[in-house]
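Heads up, there are several structures right after this.
One chain, chain A, appears in both complexes that follow, with chain B as partner in the first and chain C in the second.
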Partner chain A sequence: MADLVTLTIDGKTVKAPAGTLVINAAKSAGIDIPAFCYYDGLALQAACRMCLVEVEGVPKLMASCTLPVREGMVVHTESPKVVASRKAMLEFLLTNHPLDCPVCDKGGECELQDAVFRYGAGEGRFTEIKHHVEEKQFSPVVFYDAPRCILCYRCVRICDEGLGVKALGVIQRGAVSEIAPNSGDHLECDECGACIDICPVGALTSGIYRYHTRPWEMKHVGTICTHCGDGCKTTLGVRENEIIRGNNRDRSGINGEFLCIKGRYAFDFVSHGDRLRKPLVKRNGKLVEATWKEALETVAGRFRELKERGARIGVVGSNRTTNEENYVLQRFAREALGTPHIDHHRTADILSFLAAVGGRTELLGRTEDVYTAKALLIAGVDLAQQHPLLAFQARANWRHHGAKAFVVAPGPVREEQYAARVVRAKLGEEPAAAESLGEELKKCEDLLVLFGGSVRGEALRRLVAFGDGLGIPVKYICLADYANSRGAADMGLLPGFLPGYQPAPERGMGLAEMLEGGRLEALWVVGANPLRRRKLNSNAFVVVQDLFLTETAQLADVVLPAASAYEKTGTVTNTCGEVQRLSRALTVMGPKPDLEIFALLAAEMGVDLGPLDAKSVWAEIRGNVPGYQVAEPVLMTGGAAPTSPPKVDGVTEEDAALVEPSGDTLFTSGSVSRYSKILNVIREAPGGLFQEKRTKLT
Partner chain B sequence: MTFSPELEAKFEKLVKNYPEGRERAALIPMLLFAQDEVGSLTREVVEEIARRLSLSLLEVEEVVSYYSMLTTKPRGKHHIQICTNISCLLLGADRLFEQAKQKLGIEAGGVTPDGQFSLEEVECIGACSWGPALQVNYDYHHHVTPEKLDKLIEDLRKVQ
Partner chain C sequence: MLYNEPSELEVKVLTRRFGLENSQSLDTYLATEGYEGFRKAMEMSPEEIIEEVKASNLRGRGGAGFPTGMKWGFVPRDSDKPKYIVVNADEGEPGTCKDRVLMENDPHQLLEGMAIAALAVGARRGYIYIRGEYRYLIEIMDRAIEEQYRKGYLGKNILGSGLDFDVSTHTGAGSYECGEESALLESLEGKRGQPRIRPPFPAVSGAFQCPTVLNNVETFCNVPAIFRMGARAYAELGTPRNGGTRLFCLSGHINKPGVYELPMGFNLLRMIEEVGGGVRGGKKLKAVIPGGSSCPVLKAEECDVAMDFDSVAKAGSMLGSGGVVVMDETTDIVKVALRLMAFYAHESCGWCVPCREGTLWLKKLLARVDAGEGKPSDIDLIGELAENMLGHTFCPLGDAAAMPTISYVKKFREEFEERLRKASEAAESDLVVL
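Right after this comes the complex of A and B.
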């Protein structure tokens, strides 16, 4: 640690590294200095004047948010002079601020309200009529009420510095200044809503949450977002069994308070009108509603009969369902149905990756490494679109630590705004392009390589071999799509591998062969929509567990309505191999968690797979699956526990060929995004990857 | 769009006055010079300057809307700016301002139909010692009296 400076704040002796700002030194001593414009991680603004403190020997009050600590400094943060100044500042802030707190979304969690309460600054001497302008709608997500705005510039900075989007600015001057969007009267941006959450007052409000509830009427459930593979913690505000908002203001989780539009708002699919509420059974060629009993009996009966005949049964798992569900599904398939044909939609070549890493777990990059690595090689991925959290972390790493970024991409990506070098390369040809950066990379202290699903098989091995040969510490992150792609592979939803990548006794058919080979007699699809991209070339008996009547479900003989990630417990593993636990935000009538469906089916078939509740299955996973002996307290406290996957042998070229990246953008999420209203009403949707338009939003 | 050869030469020199990567420092002078030549900061001008300095439109609009000397609407050929701040006010600037409005037949911020004159009430123009003071475009007029104002407007009418 740097040399410590000793100073006195409110009579307390405080030690802080040189360069620390007084506001942070005070915080470390448990002294809270109020501030509106100061925000951890963003550029200094010193505009709001709330954090003024008295420094002995200095005639004027000083802004503690821009004042570095000095040896022997004596600071008073709540002296009568300071308090009088803060009261005066608040009186100024309230001159034009409407006192519509009773109907304001922010009422009850408003920093201005809190500050006025703290300083008892309830009186105003201004008798002039308040300056008023009408509220504006910047987008379906963002609304702006100028009179409430205190011009702290937090929204402007988070959008510019944090996201690199620069969608907000301040126009006009003085009391009539206001926040303006980048595209005339509307926004052209990521619609992430970071500006809304960071707003200390109710000036920026969200189209999803506004006027729906008072904040204290909600309970808050911290769980993991079900969309991309980054695994952000999203804290869902729930009232009367309805999710009203998503945010992560408590900065719990690997994402701090970062969330993209999907994590913050795209929970709305759970209440879509097309949501399946009852099982469907095909009668006379038509799917009709049935009771759970009828549906389960039909499935169990057919499965039992098919198994006895030794029929060919294919099982397709999900990259969104929990580890527990995936683990039980493969056990069900292998043990109860006796089939080796089990697979899932692979969005990245995790198998080749873990084979190339060969058990050297120190080579596996974690989410936090994206923020701390000295250099980043971002290959074959439009990070800001496909992995918004990692893009935010990478950008923050460059902003805060000056990390060097090297980009290899087939077209423009946002990371080029700050990249040290950019090389254009077609998808799949990234390794050769990366090799051209060899000399520069060798000069870096360490390197983190992030690569997308286009890097697979031979290309992947070549990229890892190249990294290994650089002579510096190199870590890798193999980027997969969807909340639990990694967990699907780890739990053995693969034809050649059991959980923990143990070789399967018999190698079954992969997804493509199962569907297109035309030899299946039954197909069981859980939380996946393989027939969106492929055709089923057989008259198989099809069972589908899903939230919606997808292309696959439409062809099913029996459809069982499943619960979403926000309606169940269990664990998921993000693309960096970190396990996190879901918390149930909603209870549902009708649909059931997939795990419960497995249990009911097992009971109906009379097979014993042991206790099938999330807790027991997790204990079994921890006990049996190599790499999943993770720290339980980390999970219990809502943390992300890294797995340590073992060496993987026996990966074939077929495994690499089965990889199909989802191609999802910032505004799509596989089949689920069709059922999210917000993802369909914003004008930026669906967007595209590697496009100039989304890179330079100016 | 392109500007006159003189202005283009000026811009070229201007941008080089600042260190690499800090070219945006040339924004305010560029806006001012462009406004003088074009008459106002039209959308086309704003877009062009944003492009030349690699700024977003919003970044330029922030500056344009902040400074009262910059305008997006065309002004008269003679832009009369009358100071009504305290020193000038004590010396009768308010009456001068009323007189100007009547004589020109326009309100503050207005432009005469023939496009010859525009009128603006401005804050201190730094000529307190010689108040009441006004500015016609970049030219200062000191110790203005009602008679002087009448004559000034008449004289300006003759300028073609």
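Right after this comes the complex of A and C.
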């Protein structure tokens, strides 16, 4: 800890480490100094002049956002002089600011409104004509209303410093200054909406949310994003059973306020017109609508019959369904159907990873480590596109702590903007490239290795062995795609492993063999679309649980409409092995959560799998699955609880061969993204991975 | 070329080569004691050079009047970063036109001053930031620089001093704000011309985050004379704590407007009468802006003042950049206040709230009052808004807009009231009330 400095703020004795800014020292003492341009973690501005305070012995008021604490300093934050200056600043701000609060999106959660309420004058003295310019649309999601803008430059900074995108700048001068895209009349960016979220007023508004509701009409549901494997918390604004926006303004959760386009906007698939509302049953070669009763009876009847004659049944689980659902699905498969053939789409080689780590849980990197590690080795992954939260945290680590980043990638990635060293290597050849950095890495205090799905099998073992031999503390994060890839593996949606990586008594067929071996008599697919990539070479009876009529569902005999992650409860485990809890934002008519479908099917088949509600199953998981004895209070308070997976034995080369990286970009998310309007209207989609061309190196 | 006849009262130190044939050429410069100052300085240690500048009582000629030697002394010479010399030639203060004549008539004097500064702080690179409107001066300076390189006065090991020094010009893009030193540095680095958070000051972290000596053209031009004449002789030209001479730019309602070099402490009334030939058309003097538009106005009866930094400050204004604007009795003060506020509203960079919004509001308010549409409360409002800007802005531009405005309202309130009275008379109804 740095030396403590003692100062007095509003009569309170405050101790703060040397170098602390007065505004933060005050905050630590419970004294709130208002500010628009000051923003934690971003470059200092001192432009809004709201945080001016009186410092004894200094004739002028001082900006507390750029003033470091000094021993013996006496600060007044609410003296008549200070309050008068704040009132004056607000009066200036309101001169050209339209008072359209009654229709402004920000009305009710506007920092300017709040400040005026607290310090502003009740009447206005400005009787001149306001400066007005027309509103502009920068992109499908970003609108800019210049008159409302108070030019705090938060948006410019978050885009530049936070994301490394540099899409926004300032044009003109003086009172007619405006925020504008650096690429002319439109944004070329990640469309993450951070600029909108960070805007203290209603200047930047979201194309999805604007003029839809008043903030206080919404219920705010904190849940976990269903898209990539980072597991960001997103707070959904729900009105009348409709999700109107996603943000995380309260900065809770592992992502703080960070969200990418998917977390902030791509919840819209849930209300897509193609959403399955009723079960479908194949009659005369065509899928037709049926009642739940008919559909469940059909499935249960066939499953019972197939089981009785010992038919080959294949089960394909999902990397988006909850841990509870995955756990029950494998029990259903193994116990009720008696089949060992169960698998899921593996986007990363979690098995080889956990085998290489060998139970040394201290080697497992967590989300927070990306922000605190002294050095980062980012290998075989386009972090900014595939893991936007981790990319944001890695950049923040470099900006705030000067972390050294080493990049191994087959093509340009955004992390190269700040990387200490970049090595080009083909996918799968990352270990050799990493080894070439050995001498430099050895000099680091500690290291966090992040690697993508291309590092698998032998390559993965070699990379971990290399890290282990560096002689410094090294942690690893094996990057998988989708909200619950890790949970799917942890819960035993694997042919060779039971939950918690306990060896299965009989090793079943993997996904490829199941589908392409041509020997299945039934295939049960839950929340996955395996036939998008592979062919089914058999005449199996196919049951699909999904939200949409995917390629797989189209071939099904029975399709059961499933609820999305935003329509159910349960837990998911992110790519760093942290468990988080979903909250239900919507109730849907027609579709049912997969867990409920399992329960109904079990009842229909007359098998007893115990109580099948999310809470009871979670209790069972905590009791039975090694590594899942996580801290319940952390989950209950919306936190991310790390799991401690045990040592994994018996991983085969087939397991590694089954890994198929998803290849999703910032603007895709498997089959689901086809049904997100917002993900399909973004013009600036960067195309494939490792092709970053938009942002120049700094 | 020269724009005005010299005055007999002038003390020609910086302007001694003005009017000489080929005054822009290095040969002329060398023939008239050019680089004598540098030759003396190169025999001195950096500490001695800085001490000499301190002893000369030279104060910054850009406007703030900060002691130059002290500023140079702040540069951490032991820093392993490169050091820079930057010349502020972004002369934009209304009423000021001295740097242009210095660069136009004696470009080598500026370059010699820079080279001495480079010796003092160990700099190897210099920039002359010239406002874009001074296109012709950029060409003159570029020619002078080229000539110096050709003849060994720039480049490697200048005059055997061991000093390697490179200089180039940099063009401003037309923003008044870029005359503020930190905004100038941002602009020099190719960024938007907005001021920086200070501290750190340029001496510690200036151009490209390296230690930087940043002075006005006239300040650098004084330096060769200090070393040529000796600090003491130079200091004695002026008043205590205000060494040397100063270029005053006389403009406005005066018979002989022009740029005149006079000793520091020269009486303002005497300057108007004897140097400037008195108020034009024999009219009565009403007011004087003593140091460029950013300085509070002096009423005629306040003008019996010695023109040095301290005396003018005591009189409630500033010596500023030496732009003396003379206003006769016919001057409409409301229009003056409006014209200047229109300038500041146009030039406010927009970075901070009080300056950005305050200048525009004041401009609109003054325009309304000037147009005869004011309300009685407007006069107090003008003063109050200016007070609300004063001391609250990020950089001095806001203060520069506020201070004179406050002075106009305070010192010429009756003129504002008169304007309102006329307005209300004009608005009287012609209808006969029965």
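What we mean here is this: the second predicted complex is superposed on the first by the 689 of 698 C-alpha atoms of A that agree within 3 Å, B and C clash if a C-alpha of one lies under 4 Å from a C-alpha of the other, contacts with A are read in each partner's own complex, and residues count from 1 in each chain.
By definition in this document, a contact is a pair of C-beta atoms (placed from the backbone, for glycine too) under 8 Å apart; a residue touches a chain by one contact, two chains touch by 3 or more.
If you're wondering where the values come from, they're calculated on a predicted model, not measured in any experiment.
Participant: Based on the superposed arrangement around chain A, label chain B with chain C as either clash or fit.
Facilitator: clash
Participant: With the two structures laid over each other on chain A, which partner does A:H131 touch: chain B (first), chain C (second), both, or neither?
Facilitator: second
Participant: What is the contact status of A:A88 with respect to chain B (first) and chain C (second): first, second, both, or neither?
Facilitator: second
Participant: After the superposition on A, what does A:A180 contact: first (chain B), second (chain C), both or neither?
Facilitator: A:A180 sits against chain B, while chain C stays out of touch.
Participant: Between chain B (first) and chain C (second), which, if any, makes contact with A:A432: first, second, both or neither?
Facilitator: After superposition on chain A, A:A432 lies in contact with neither partner.
Participant: Who touches more of chain A, chain B or chain C?
Facilitator: More residues of chain A are touched by C.
Participant: Check the residue A:A619 against both partner chains and state whether it touches chain B (first), chain C (second), both, or neither.
Facilitator: A:A619 sits against neither chain B nor chain C.
Participant: Answer with first, second, both or neither: which of chain B and chain C does A:N96 touch in the superposed model?
Facilitator: So A:N96 only meets chain C here.
Participant: For A:A512, using the defined touch cut-off, is the partner it touches chain B, chain C, both, or neither? Pick first, second, both or neither.
Facilitator: Neither: A:A512 stays clear of chain B and chain C.
Participant: For A:V170, is the partner it touches chain B (first), chain C (second), both, or none of the two (neither)?
Facilitator: both
Participant: Chain C has the stretches 41-49, 167-175, 293-301 or 347-355; which one runs into chain B?
Facilitator: 167-175
Participant: List the residues of chain A that touch chain B in one complex and chain C in the other.
Facilitator: 169-170, 172-173
Participant: Taking the complex as given, what residues does chain B use to touch chain A?
Facilitator: 55-59, 61-62, 65-67
Participant: For a test of understanding, state which residues of chain A touch chain C in their complex under the given definition.
Facilitator: Residues in contact with chain C: 44-50, 52, 60-61, 63, 66, 85, 88-89, 91-93, 95-96, 125-126, 128-129, 131, 150-151, 169-170, 172-177.
Participant: For the complex, which residues does chain A have touching chain B?
Facilitator: Per the stated touch rule, the residues are 166-173, 180-182, 698.
Participant: Could you pull out which chain C residues touch chain A in their complex?
Facilitator: The contact residues of chain C facing chain A are 175, 177, 192, 197, 345-354, 356-361, 364-365, 368, 381, 388, 391-394.
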